[in-house]
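Below: a set of structures, written as structure tokens.
Heads up, the next two complexes both have subunit A, just with different partners, subunit B and then subunit C.
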Partner chain A sequence: MIKVFKYCFLDLIRSRWTIVYLLFFILTCGGLLYLSGDSAKVVVSLMNVVILLVPLISMIYGMMYMYQVRDYVEILLAQPISRKSIFGGYVLGLSAALSVSVALGILIPLAFYDAPQIMSAQWLMLTAISILLTVIFSILASWLVLANENRLKGFGLGLFIWLLLAVIYDGIFLVTLIALEGFPIERLALSLTLLNPVDMGRVLLIFQLDYSALMGYTGAVFEKFFGTLSGSLIIGGAYLLWISIPLGFLLRKARKKDF
Partner chain B sequence: MNKDLVVILIVLVWSAAASAKEWEVGSSQAVASISQAIEDASPFDTICVNAGSYTHTSAVIINKPLTLIACGDVSIIAAKNAGIFEVRADSVTISGFTLLNVEKSYTKDLAAIWVDYATHFTLTENTIRDCFFAIFCTKSKNGYIAENNITGNAVQEHSSANAIHLWYCDSMTVANNMVEHHRDGIYLEFTDNSTISGNMSRHNLRYGLHFMFSNDDLYEQNTFTYNGAGVAVMFSDHIAMVDNHFLENWGRASYGLLLKEIYDSKIEGNLFEKNTTGIFSEGSSRVAFTENTFEGNGWALRMRGSSMDNEVSQNNFVANSFDVATDAKKDHNTYLRNYWDNYEGYDLDKDGLGDVPHRPVNLFSYLVSRIDESIILLRSSFIEVLNFAEKVAPAVTPTNLIDEQPLMKPTYNHD
Partner chain C sequence: MIEFKNIQKKFGKQHVLHGIDLKFNQPGIFAILGPNGSGKTTLIKSLMGMVHPTGGQILIDGQIKQGNEYRNNIAYLPQIARFPENLSVNEFLDFIENIRGKATRKVELMTAFGVNEFADKKLRALSGGMRQKVNLVSALMYDTQTIVLDEPTIGLDPVALIALKDWIRKEQGAGKTILLTTHIMDIVEELADEIVFLLDGKVYYRGSQQELLQKTNTPSTEHAIAQLLTLKKAS
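Then we have the complex of A and B:
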């Protein structure tokens, strides 16, 4: 698995598109820092970029890559290597390469602009959430590729999952809140947030950015949740589930699939 | 006739001044205690308290018009379960003292200086530390409270009191004081025709300034910062709030300025910066909001549906999360010629006024006013899409809440 991972990671990190991805983040982050000068405001702007673009690019790029290496994977499958190692290695390599791009893309401009800020909670949180979203959506992408021979169908499903989690979900969320107007729905709002990794990332960042005071009584309930150890454990668990369940699907598909 | 009266008055005042005697109080003086000096003095005398630390066994009652001055560093420590000065006569001056440690009490309003049924008193340049009430005036008139430095030790609202508390007073002046770490910084209850100016009120548990049932008052050029809930003006009318700074009142139940049942007042030239809510208005009518600047607040202006006939004009709205929020379907206030930093219109005829009207309430701020919980969707991509759609074709937000002539450039500069 380590060998496959190494091969995949090196292959990706040298790829032109990974460099473009890295440059895109360096330019966005550097440009925002240069133009605005206030790192707290930059985090807010970057947050919007991260929660929308990181899932999309991880999804599309991951699917492109996995469809591209299909033939090579089939040759690997003929070798005495377990399927788990092959696909595990690929998913690991894919998410590691993309994570490195995003993390460096955010942190390099910041290091040049204001190095001590790197250790501040809001930037760490932003980087951590970008990495988590990259990993989750890379795994989803690999699974979709395995599950769909038809590329068009695969890409269609991938785009739909992205649109669902990044945009449509919030619409359903809002409709639910409006429908239940007047009921005590803090807990419901909280659990609905936990069901979506994109929303979870957004809310975690908002709490880091001291927007929580805007939330009044509701914010108090939320902050109590996010502030306590059990809350943090639940969030960690939710992210872990979002990684392990698709990974489980992926590995099961890899094991059962008739190539 | 009138001339004679003036002459008589001048002679009277002159003779009174001429007869005024000065008393010295101190350990090396003939009179060692302040209460003894008050007993010995005749009206309009001056008592000069020499430097030193004085401890009392009970509150000092000033029952004749006297001037008490601290000559040097005079600190007075309160007795157990008692205040320090009780002013029960007109024309009393207390100046330059350091007053310490009035204990908290759940049954009595203990104060460092309590002024009761007195007029024309002057309280200046005192330093008051760790006292329950610092200055407490009841049923008094024409007082002048200035340049005092008041620091409390309030920890909890229910066991603390206010720095300057005026109850049923009239024509008072409270100027250039510094009040901090009390429950309310300055509290006016049933107090009319008064001026509050140039004070600094900060780190108070509840409100920096608190008005209740007080009419025809003016407060100007004060700074209110880091208070629990900002400034509250309630159940009052004809209040002028001019050139104040409301800064950093940030927290769940915090406001820069809370208006409740305020009528016929004006709010002019104030700066609201980094408050959770700049102004929260509930049931206010005929209030003019002009030339204020709202910068970096969560909500700049929250108008509850019960507020009507207010005029919001010439204000600057810069970098707020929400500019205006309302829960009303129909709005009964006027918004005209404000500067909105997120205005996207243009000005073809270059008259400084945008050619396209601006809608300050976006869909999300309306939703949040109705459903608290929906704030968890703050900065979601879906919400941005909705806001855009609503802006293009308003369906939910109050259609008549429009600034017909938004300014292209900010108007007013606060120093």
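Then we have the complex of A and C:
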């Protein structure tokens, strides 16, 4: 696994597209920091970029890369190594390379702008959420590739999942909240948030930035939840599930598939 | 020793292998023949663990095949040569060695197939025949008891074809078990100790070339195979 991981990581880190991805974040983050000067506002703007773009790029780039791998993987399958170490290695390499790009893309400009802030909770949270979303969507992408020999269908499903989790879900969420106005729906809102890793990231950041007041009573309930230890544990657990369940699907598919 | 016991394979509704029983318990060159789509590649991939049979067993040296270590002792040439396209030939071979360990016969093979001449070229820039040469080097560079070649001659120029035949003969002399599929009957006539003919997912014939000629009453293996195919069509 380590060998495949190392190969994949180095391959991706040197790739033109990974560097473009890194530069994009350096420019966006650096630009926002120097133009606005208010680091909390920059975190919010970056959050909106991260929440839409990180899942999208991880999904599309991940699928493009894994379809390439799928093309030549027979040569690896003929070697005396397990399928788990092959696909585990690739998924790890993909997640790691994209995570490094995003994390460096955010932290390098910040280091130049105001290095001590790297250790501040809001920036750490933004970076952590970027990495979590990268990992989750890289795993989803790899799974979709193995599950769909038909690339058009694979990419279609990938885009649909991204659209659903990063765009549509929010709309449904809002409509639900509005439709059920007047009912005690905080629990529902909380559960809906925990079901979506993108939303969860957004909410975590918003509360880290103390914008909860904007969300009224629901906000207060959320804040209470996120403030407690059990709340943090549940969020951690939800992210763990969002990583381990798709990873389980991926490894299962890798084990069962005919190549 | 390799033994297929009642191997079945279905892809969805398509029943490709209907109970294959085959035993290769001695050294030699075994040509696996059969029309396109008869399941030759599927059978070989079952041995390599790339395809999961829906029924039956594969035994390696008398033990039911399991794990991945057994592939240390098999060299496999895939039918279609696909590589990480952005690597050069050398980088690709290093990649395989990094995973499987030092290859003892890389240099010898690269010289034999003339791969040295384009070893620094990117794989994506290679022609079909050049790719097949790289495929051969990466498959054969480990010294293994069993060698499985799925249509090894595709795209090769005459010089490389001779090099390949020489290599196969040398391995035969060294007591290796070599399974190969091909549609080139010259190769079969020249090299094969035994012929396995697959048809409709079953072993239709297994035996030496002489027996086949006697049975079909034909002057050459080429005619014999053609006859098997036409008989099949007529029935």
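Throughout what follows, the second predicted complex is superposed on the first by the 258 of 259 C-alpha atoms of A that agree within 3 Å, B and C clash if a C-alpha of one lies under 4 Å from a C-alpha of the other, contacts with A are read in each partner's own complex, and residues count from 1 in each chain.
Keep this in mind: a contact is a pair of C-beta atoms (placed from the backbone, for glycine too) under 8 Å apart; a residue touches a chain by one contact, two chains touch by 3 or more.
This is a predicted model, so every value here is computed, not measured.
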item: Touching partner for A:82 - first (subunit B), second (subunit C), both, neither; value: second
item: First (subunit B), second (subunit C), both or neither touched by A:199; value: first
item: Which of subunit B and subunit C A:177 touches, first, second, both or neither; value: first
item: Subunit B versus subunit C as contact partner of A:166, first or second or both or neither; value: first
item: Which partner, subunit B or subunit C, touches more subunit A residues; value: B
item: Intersection of the subunit A residues that touch subunit B with those that touch subunit C; value: none
item: Complex contacts: residues of subunit A adjacent to subunit B; value: 44, 47-48, 51-52, 166-171, 173-174, 177-178, 181, 185-186, 188-190, 193, 199, 202-203, 206, 210-211, 213-220, 222
item: Parts of subunit C lying in touch with subunit A, wherever the complex brings them together; value: 11, 45, 48-52, 67-72, 74, 76, 78, 80, 82-86, 95-96, 98-100, 138-139
item: Contact set on subunit B toward subunit A in their complex; value: 250-254, 276, 298-299, 321, 367, 370-383, 385-386
item: Residues of subunit A touching subunit C in the complex; value: 3-4, 7, 11, 15, 68-69, 71-72, 74-82, 256, 258-259
